[in-house]
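The two complexes that follow have subunit A in common; it is paired with subunit B in the first and with subunit C in the second.
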Partner chain A sequence: MTTPTDEKTTSFSGHQLEETTRRPRRIWGRPGLVTAYAQDMAFFDTRAKLVAVCALVAIAALMPLQLEDDILKLLATGFVLAIGAIGLNLVTGYAGQVSLGHAFFVGVGAVTAAVLNGDPDGRRLGYGITFLPAWMLGAGLVAAVCGAIVAPLATRLRGLYLAIVTLGLVFIGQYIFAEWREGTGGRGVGRDAAVPTLGDVDLTVNGAYTEEQKLYWLMLVILVIFAVLARNLVRSKVGRAFAAVRDRDIAAGVMGVQLGRYKLLAFTISSFYAGVCGSLLYAADGHFSPDEFNLGMSVLFIAMILIGGAGTISGSIMGAMLLALLPRIASELPGFFPFISDRSTEHPNIFEVETALYGVLIIAFLLFEPRGLYGIWHRIRTYWKSFPFSY
Partner chain B sequence: MTTLTTTATTTLVTRVRDRATATPNAVAMRHKRLGVWQEITWATYWDRIQTVGHALLALGIEPGDRVGVQSENRPEWLILDLATVAARGVTVGLYPTNPEAEVRYLLTHSGARIHLAEDQEQLDKALAAADDCPELERIVYLESRGIKGRYDDPRLLFWEDLVRIGAEHRAAHPDLLDTRVAAAEPDDIVTLVYTSGTTGPPKGAMLSVGNVEFAAETLMSGEGAVSPPASESDLVLSYLPLCHVAERFFTTWFSAFGGVQVNFAESIDTVPQNLHEVQPTLFFAVPRIWEKLLAAVRIKADSASWLKRRWARFWLARADRLGATLVATGGRHTASSRLVYAVGWLLFYRALKDRLGLREVRHATCGAAPIAPEVLTFFMGIGVPMHELYGMTENTAIATRNVDGRIKVGTVGEPYDGIELRIDEESGEILTRHGAVFAGYWRDPEATARTVDPDGWLHTGDVGEWVDGTHVRITDRLKDIIITAGGKNVAPSEIENALKASPYIKEAVVVGDGRKYLTGLIGIELDTVGEWAQQRHISYTTYRDLSERPEVLELVDGIVREVNERFSSVEQLKQFRMLPKELDHEDGELTATQKVKRSAISKTFGDLISSMYGGAA
Partner chain C sequence: MKRTATRLGVALAVASLLMTGCGRDDDNGSGAAPGVTDEPCPEAVDKEKGCIYLGVLSDFTGVFKGVGVPFSEGQKAFWKKVNEDGGIGDYEVDVTKYAKDSAYDPDKHAQLFGEIQDDILAVAQSLGTAHTNAILGDAEKEDIVIAPASLASSWQLVDNVLEVGSNYCGDAMNSVDYAVDELGAKGVAVAHFPGDYGDDAAVGAKVAAEARGIDFTDVPSEPGAADKQASVVAGILKADPDVVLVATGPIEMASIVGGLAQKGFTGKIIGSIPTWNIALLGEKKLVPALQALYLQATSFQTWEADTPGYEAMRAAAGETPPSDWYALGYGSGYVMQAVIEKAIEDDDLTREGMLNAAKSLDGVESEGMLPEGAANYAGDPNDAVIRETAFNAVDPTTASGVKQEVAPFVGPTAKDHDFSESACYEQY
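== the complex of A and B ==
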């Protein structure tokens, strides 16, 4: 009497019933009543989140009018480091591919930006491109290409082996940076970094606002843009594929995630972020030396995402800010603990304390809060979300 | 169209049709699929009803033919129900938990011509019974998993195919269904609601168009079941079996008459979570659900971290006082209690109610079985406006309800305006007479004659008494009253409910008919007692093992002693035994509505009972 229907239409409720022109809306006072997938995956899934983030950004934007220039400089550096940390978190925290080679990509970005922006008539190689987005994105792209070249290694290796291979990358990079004097100025000498200018305004020269204020705002804007992009990436199909690869790559492959493709993508995007970070990192100092892109810097980025929280964008920013402010925190300590000296000739001094603190932070977080600063925040939030019960 | 609405009888179907015309894009219902609440508008709902109604016509459903449904609550349940009414058929609901033997009985007895089985599980029961049901022609299934390609019974019909048949029929005869709808009469039977059958086989109560109209109009009137009446801005969660008259009211009929937005729970196990998501404004639950909610609050508050635990205890103690005040005032706050509640709402009750999913509830209702007053008081104290009501299948759930401001805890409230209710002086039985008294039992005129007397009074079978001349208090079921060997009449359900108010006790069955003294069979609540045992490092393996731990016996003994103190000495339990297993519908100890079948209990646990009276074990 009837023709059998196609197997695909078995879940009847899925098809004709929802044939409606009505656009799903949120129902007031019921955040759990999700009527569309888009609501579930929204950038700001609750109103409170939207308000809090807007307030936070507004406060950050107003800070230069209140704070001293030396703190602003630290904060601006923190913002740039945060871009790099987000990049590392994408590949390590989200896609689960351990990378010790992040410093290499930061170096590639710094050198590329300096070369693109450098004076064509100067001693070093330079193309005289002053348009900021051009050299910044150029630096990111060159780093991304390097990342894409390295990525195939990651499709064959996992865990510790991948870490060692990316470590090798740092050593190769250091050799090239040291020897390519034309581009980098060579070991111990270095060259001028790219100079951020907007239109005719050189941001590194004091004007109506100081250099630190202007750089702070620039870095803040760029960080917000890159953080939003990263957050959008991780809540998309790509982000879910990354997480699947991280949690169990074989299972992800079985589910139809193309491992090679997504590992390549993770490395490329991560390197792009590192390149952008490198291009801006020395804007305040105006000068960099190729020796800086060493294992220590890679470890610094790893520490940032571990302390901030692996697999979170906001955690990357928190971790980067904390480590960027660490020297300042250490230098404030003598005020509270008189036995700590601020002179390097006496012991214990603030520089020793800073180094020790760095180590202690990493150990303490790994032991007590493996999910980092984000984990602490998460705990606080859960405490109130589960109120008046505990679960 | 306009001529149809003015001349024809208003039925559920015409009400849905009119609503779909007036507000086509408003939300009629939501059901959760793949984690997202999918919305169904009134226009879609009505369109679907028409198509499925045409399909029923195409399959030859004539006025008065029965259509069975055995499914969890979902949109298709309502669609088929309304489509059946549109075709002037009779919907017969089956509990999804009905085992095969009961399915066989219900399908045979009702003589359903078309039966909807939700999935493979239900289909297997229906197919096993089908050969004994000569009238059964078609079995429709909703979920094809495990069925398609494996079953080749010619009677099977996939829902999608049913819809296709309907669409073809609708295209060929666009007016046929409208004609059928317009021909509806007040005496048309719309549904058979089978009683749960605590004593014998279930009986199918016939409810007519007129019954439902009268009942709905009474419930929706100014001081009806819910005040102010249910409207489009109300949300309900549909989770109790739709074949029961109470849930049918709160889902299908509230939706058709009041336009409330129906949200279907994913399953009975996900109710707490769905409740939290939906935050309904009207909430109906049976005592068992309220007891579980109460137990959940106690357990979660006790196992919270130190500060939260102290905080919760402090505010729950305030809630007890608030509840006592509200009980004394009939549900109205005094100035001081309002102040305490306002502060508590800010600091505790709001969050607590949000976690329970009762934050937005403006009218909470309890019915279908007796409930302990302590449970009602607790929820009133935390700010859930609780109302106990009373009704039964045979009077389309219309008898009494508590009204805001005149609540008397421990009573089932006052009779509705415009109905007749009296209590027989001799037997104490409650009698009702009004437009919603059912049309009789299906194929059982003898039972009908026993239930409705020639004057039109419905004998409810419940014994009650007047409280202050306005409110009705139910003592017990007439046939459950225990007469001890000493000749004392005892209502077991009062004692049982007092015991069940403890979070540790799930089942309590009082025995003692014709005996010297009362005894009890007690079943523990596995979750709470398990938690209790864990905190005391008492290890156990099974339900039975836990029940028989000396520490648990001591715990239960304490509760029994405490309850005994509240009753006179003839009403005290002299002995009790633990039930060695959880009572179950499948094993015939409970009805589909989780009511205890006393005869089955005394048969199954006869040795336990006789051991309490000194007999050989």
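== the complex of A and C ==
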């Protein structure tokens, strides 16, 4: 797509081609032509992608100057959920280990962050660590350790059996969270979530910028970092091993992929992402209770990666954003469909529609677009790439 | 690379133009403070007056919808009357635009508070103890005054919470003292919800039982009808107490009373104030048991009380079905009104002004709607706390289904208890 500026590639002699195999070069007008393995594996395999992603991030970064606070809050929540969804996609979409226990790891992250950040003189256990990266990564690490403890199960079980065992994890987790009142506040009470501060600036208090604007930027930055890390992971040796385990674990084992090691790695990294997600998820509301980390939340994450696209990082983000915005989308429906009410006393109302929409989306995507939003995007891209000869 | 840079530059420029071109609406209305506008209220009586918006975080669909709905109606009626009588200064007050249903879920409560907190001057109703605690940190950061629909023993320790009436902990202490002194009880059991409300009553009962040297049994309950309360009833029967204290919702209380009556329990069952709801009179089979066993511990009067405030309230209620929660919602308005009036008088109708006004308040003329000594926020917390409790018994012939059985009294335990240390529920 771009004109090579290097003099060497202006002509196509045999010598130049040899040169290209060592140092990947782009050929003008042939964006699909890949001449080197490194090129194939590149972070942005085409210049168009690089430009598009940079533009998207730039636009996202400017959004808070334009959008109202209530939408910013939803988007910020979407970013945090996206971190969790990427985590689940790593273990389920890439490594093929179905996990229904994601809510447990999110819960571990939320509780750990709240405990690390909590007021030492407060009502609940707290260590008063205000440095954001410390409690965020700490939450991730504790969740990762929990993931590593659970992972050996995955080396013994697979498919449905693994799903059921991880489901058990959610229930065990709920019991522990409910009983550990010192740490979680207990059922129906909960505790204050970790408060994000940068230096002396409390991001949850309106200042020159509002709480929602500041949190939006924070979550965006963290999401970009974690998305880049995940993308790098999946195009590395580890990522290829994950895919091999997912596609046929026996074959992968025969080829020399250490199944136990990679399953352990997948669960640990996935849990780390879930922990980070949990540590930030309640920053805007400032409060959470242990009732949150239930099966419903696990299913929500599964829905995100199914709707977004299993085995893709961008799909995880798209799915998370869609589901985070779903309540808002549902609340806009009465404008288009007058028979839908926005009062909970009338039927059908937006709350019912939202619940139904959630189910319909999962079913519809599985039936008609198994590759999720990523699949839709992929088809649009292919269509325009071959325009006007698309068929 | 140059072209990429150019494109990126163009894209950024276009995006920033788009983003900043229209700009977002960053001002907080036309007034001086959040929640105060020069524009009239949506349902203004006098279109010339500005509007003060108060937030309402209630329960319209959850365990305590029987409290939240009438409470909110009572508040609406109170402010309607205030607005019709000329408002406060140059303003009328609105409690409907930012009324939200948190369905007795603390997380939802915190979330909804986040949604409305930039648009309100104060919170006229925050239903639930753990729920109010969930928003307290954020509210304190922004000096937002909260009137709780909760009577926990922690509120007198917090500057920005405008509590009215006795707390669950003190009521439970008085209930145990009454049980010992008047009923000769040797043992007491407490069935209570998990969480701050239930724990507050449980700790009060425990403190009193220890002080009076009688047996104490703690029986945790959880929201849900008869099937959920079967183990609670069994637990109580096993402990064989003479008096049972209940700190749950009305349905749970009714199930416990029904279950105990069925097993031949003949002692008294004293419920915290939220355990009563007039809708229970619809359970015809249960009414005799409720009449025989149940007492409601409260520091408020009942619907038919003969005071100017109650009279005005009954007039304002019109066709609305009588409910003591309606009366409480209506009565709580006096305190918020006094705080707003004081803030206007100090020429500081802002959140800080409201907080300062609240802190300087040492009482309120409530025309008999609130207990004696209510709304003393200037005084020492331990002196200002209301220690009186009265008991209501079920009487289907009255308007709100209960009538005062035992006149307000203060038992020895509550009298000597230091409420300025920490909330009772924190000691659970």
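The definition used in the following text is that the second predicted complex is superposed on the first by the 348 of 391 C-alpha atoms of A that agree within 3 Å, B and C clash if a C-alpha of one lies under 4 Å from a C-alpha of the other, contacts with A are read in each partner's own complex, and residues count from 1 in each chain.
The rule is short, and it goes like this: contacts are C-beta pairs under 8 Å (C-beta built on N, C-alpha and C of every residue); 3 or more make two chains touch, one makes a residue touch a chain.
These figures come from a predicted structure and were not determined experimentally.
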**Message:** Quick check on the superposed pair: does A:Gly286 touch subunit B, subunit C, both, or neither? Answer first, second, both or neither.
**Reply:** second
**Asked** Where does A:Arg123 make contact in the superposed view: on subunit B (first), on subunit C (second), on both, or on neither?
**Response** second
**Message:** Touch test for A:Arg30: subunit B only (first), subunit C only (second), both, or neither?
**Reply:** first
**Asked** Is A:Gln66 contacted by the first partner subunit B, the second partner subunit C, both or neither?
**Response** second
**Request:** Name the contact category of A:Asp192: first (subunit B only), second (subunit C only), both, or neither.
**Result:** second
**Message:** If I apply the document's touch criterion, which positions on subunit A are contacted by subunit B in one structure and by subunit C in the other?
**Reply:** 2-3, 5
**Fill in**
In the complex, subunit B touches subunit A at residues 25, 27, 30-31, 33, 35-41, 43-44, 48, 74-76, 142-145, 148, 157-161, 163-165, 263, 276-279, 300-301, 303-305, 308, 311-312, 315, 348, 351-352, 355, 359-360
**Fill in**
Touching subunit C in the complex, subunit A uses residues 2-3, 5, 47, 50-51, 54-55, 58-59, 62-63, 65-70, 73, 123, 185-190, 192, 202, 204-206, 210, 282, 284-289, 291-292, 344
**Prompt:** In their shared complex, at which residues does subunit A touch subunit B?
**Reply:** 1-5, 7, 9-14, 16-22, 24, 29-30, 32-37, 40, 386-391
**Asked** Okay, in this complex, where on subunit C does subunit A touch?
**Response** 1-4, 7-8, 11-12, 15-16, 18-20, 22-26, 60-61, 101, 106-107, 109-111, 114-115, 118, 130, 133-135, 137-138, 141-142, 193-196, 426
